[in-house]
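I'd like to ask some things about the structure below.
Letters A, B, C, D and E mark the chains in the order given here, with residues in each chain numbered from 1 onward.
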Amino acid sequence: MSGTTLFGLCAAALVGLGLYGLICQPGALRKILAFNLIGSGVFLLFGVIAQRGGGVLALAGTGRDGDPVPQALVITGLVVAFAATAIAVTLLVRLAETSARGTLEGDEPPPPAPSGERRP
Amino acid sequence: MSLALDLFTIVAVTLGAIFFLAGTVGLLRFPDTLTRLHALTKADNLGLGLVVLGLLPQTTAPFGWIGLIAVWLLALLSGATVGQLLAEAVRPPEWDQTRTPAASPDVPPNAPEASSHD
Amino acid sequence: MTSALVVDTALVLLVLGLALWITAARAAYGAAVGFVAYGLLLTIVWVRLAAVDVAMTEAALGSGLTGLLLLGAAARLAPYEAAEYQRRPGLGLRVLVGVLCAALAAGLAAVVLLLPDPAPSQALAVAAHLPATGLGNPVTGVLMAYRAVDTLLESVVLVPALIGVWSLSTEMAWGGRPGFLTPWRSGSALPLLARVLPPFGILVGIHLVWAGADDPGGKFQGAAVLAAMWILVMVAGLREPPRVSDRLMRFLLVIGPLCFIGIGAAGIRLAGAFLAYPEAYAKPLILAIEVGLTISVTAVLGLLLAGPPAPEPQYQRQSRRRS
Amino acid sequence: MTAFLLGAAAFILGTVALGLVRILRGPGNADRMLAAQLLGTGGVAALLLLGVATGVGAVSEVGLLLALLAAFGSVAFVTGAGRSSDASAADSAADTQGATRSEPE
Amino acid sequence: MHANQLPSRSPGRLKFTDDGATAAAPSALAALARGAGFFGFWLLLARPGTDAPSTPDLAADLVVGLLAAAAATWVSLRLLPPARKGLHFGALARFAVHFIRQSMVAGVDVARRAFDPRLPLNPGYLAYPVRLAPGTGRAAFGAVTSLMPGTLPVGTAADGALIYHCLDVDQPVAAGLARDEALLARVRGNGGGCR
């Protein structure tokens, strides 16, 4: 088995793990983390495909290996993922500050407010 | 000549790897966060320095040499900063009240006066 | 070749172990610390996949800036966390979800194993047309020429993301300074780092942008490094973040997308299509867009981390409390 | 020589991986951060070794980038710790005590 | 309201243009020296001419390098205003040799303790009253001593002394710190600190 295939299997496992965390972890921040795991798994899959696609370059004798198209997509993806994470985190912090809870479930009374000095 | 240089690389990189191992062993064996911090900052930076030293003969241009050394200097700077930052974050509380710390019977409170004869 | 395989296997095991920790750790803060280490590992994985451009992006964005974002959020949310853990779904449901997710992962793994050989690729097409752009780095060529619409939309979408973050401020705080980066004012280590490191970071950042035309690197990597330096200075308390009402800063935020759209629209007249470059001027035009985008992306990334504007009195009270 | 450098990179990665046990064991978040920091330095060393071994200069540049941003994780850590004044009681006492403390003037 | 760790600076936003004419000459010199250093760093990053031998490319490389070095110098001067007194380069070289040797001793010392099955540690604290003026000099002292054998600055005591965590309090830690301090003070022109 080649290293590239190994990374591909790793990417598949990351997507599975991330999805599990996204569903089973109650905390919203944990869901954001899990979502980032899924994202990195998908990016890694792109990376594996790019690496395999570079094979034709090696055959043609040009030095650089790796298909640049998926790689460029991953770079855009990373930046957008960061922006999305930033927005999600800010939303979550605002939610916690205004409703004193860190989950998205709203049907139960909020847990006792923390003792620290926090903006109401 | 090239054989001697290769040998130098092998020796230095191996030594560097051993210091990385020492850092890990210290991180796992040392009893509390502050002592672990010692292990981390000191052993690692020496390990990286030795790896850099060992790689010097393998890079041709003088640019490559300075580049490797620059990486090491940057790592030193961050190592020093990280050590202090994390130490400040875990510092035991008694320091905030005491003026003259009762550190240990072996070290008199005025031990730094030893500096006067420097 | 075998020692390379050893490196790869070790990397994969580490990545999976850390991912397991991030998913299963009890406290969110510990999971976020794990995510920092995870980003570092992924950087090495990208190098092993011969994607140095991506590795640079991951090092600066994935590990550095995302780590700051997540650790900050975990610290802010820690008081509300204890109750959450009790709300985990029951064991039966967890097992069911686990089985389904494992099935999904197995399916994906099968896809990976059954990928066609030889792999379909656009690498040759890119390589054949790259000389027309005057660029030497095929990834930059794809980003700026062949799939320029993607890059344009991406750079545009960053601005609404920032507006979204800002819009989460309270009404009385609007126009003030972002409030997430409360400076750490203990000891002298952080100020020293924030005084010494930024010039070198600026050199590395500009180098990544400039060299990105021909070698690995590019505007996103460079901008992430520049933003990291800016944030370092703000976190050390040497400079305050700018007010969100600052006109110059707002202009810098949009100058990149404006450049991109302007030059792209000029392409309709000069080269016959939106975002097409006349062949003789392709490289200078692409560089102009890159410079504009670097400025805008740096500003957006830094301000995304700085968070929504906080009420001024609170900002001052917090810094007083720290000092 | 290439095989040796790759082997050294694998060895260093392996040792810092051993250090990741600290992420699991803790006990405090500062200890976890230590492990991440160790991974950073080890990662720089491994990247330099990989860069020389494979002859791709840009790989060493990734190492430079990592070294440049190596302290960033800990900066994030202390800013987070400084903010969670009364929080994270679940973690080790030393951590939270360090976090709440402010400088006596 | 701001940190008093750096009393030599005006709080918050740094303004250092009020130094008047006395500081003008050294700061211009310092700016030039730093600019040259940053340009050197750029050259080493960009390696102009190694793969793009054509003259216009080389010229463009150098122009961008000069611009980048200028930007870095401007930021550096604003964040870290040059000291009134210049650095002593002879002392700096001596200090560098001392630093490298001692940081090697530090690494070996830690490694020896880590590998020793008996784990010979005798950790404790020590307050060291620093004579270097607060500011960059003292911060540099903290950074340097954090890489020296067995010492790690963990904070500042109420009376302004630096508190050190020591791996082994039986070692002559304070004497070592005093030697580091004396060497560092000589680099900064004997007066100690950046006032």
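Convention: contacts are C-beta pairs under 8 Å (C-beta built on N, C-alpha and C of every residue); 3 or more make two chains touch, one makes a residue touch a chain.
Not measured: the values here are computed from a predicted model.
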Reaching subunit C from subunit A through chains that touch each other, fewest steps: 1
Set of chains whose contacts include both subunit E and subunit D: B, C
Chain-contact steps, minimal, separating subunit C from subunit B: 1
Most remote chain, CA-based centroid, reference being subunit A: E
Chain closest to the middle [Cα centroid of all protein chains]: D
Comparison of C-E and C-D by number of C-beta pairs in contact, larger one: C-D
Whole-Å gap separating subunit A and subunit D, where each centre is the average of the chain's CA atoms: 20
Interchain centroid distance [CA atoms averaged], subunit A/subunit E, Å: 38
Subunit B and subunit D, separation of their C-alpha mean positions in angstrom: 14
Rounded Å distance between subunit B and subunit E, as computed from the means of their C-alpha atoms: 15
Touching two or more other chains - residue numbers and ranges from subunit B: 23, 32, 37, 45, 47, 67, 70, 74, 77-81, 83-85, 88, 91, 96
Multi-partner residues of subunit E (at least 2 other chains): 3-5, 41, 45, 142-143, 146, 153, 155-156, 158
Subunit C: positions in contact with at least two other chains: 4, 7, 48, 72, 74, 76, 79, 82, 184-190, 192-193, 196-197, 200, 204, 215, 322-323
List of subunit E residues in touch with subunit C within their complex: 1-6, 12-14, 34, 38, 41-42, 45-46, 51-52, 61, 64, 67-69, 71-73, 75-76, 79-80, 134, 136, 138-140, 142-143, 146, 153, 155-156
Subunit A-facing residues of subunit C, complex: 4-5, 7-9, 12, 15-16, 19-20, 22-23, 28, 31-32, 35, 38, 42, 45-46, 48-51, 53-54, 57-58, 61-62, 65-66, 69-70, 72-74, 76-77, 79-85, 87-89, 93-94, 97-98, 101-102, 104-109, 111-113, 115, 118-124, 126-127, 138-139, 141-143, 146-147, 150-151, 154, 157-158, 161-162, 164-165, 168, 170, 180, 218, 220, 297, 300-301, 304-305, 307-308, 311, 314
Subunit B-touching residues of subunit C, taken from the complex the two chains share: 184, 186-190, 192-193, 196-197, 200
Subunit D residues within the subunit C interface of the complex: 3, 6-7, 9-10, 13-14, 17, 20, 23-24, 26, 29, 32-33, 35-36, 39-40, 43, 46-47, 50, 56, 58-59, 61-62, 64-66, 68-69, 71-73, 75-84, 86-88, 90-91, 101-103, 105
Subunit B to subunit C touching residues, read off their complex: 74, 77-78, 80-81, 83-85, 88
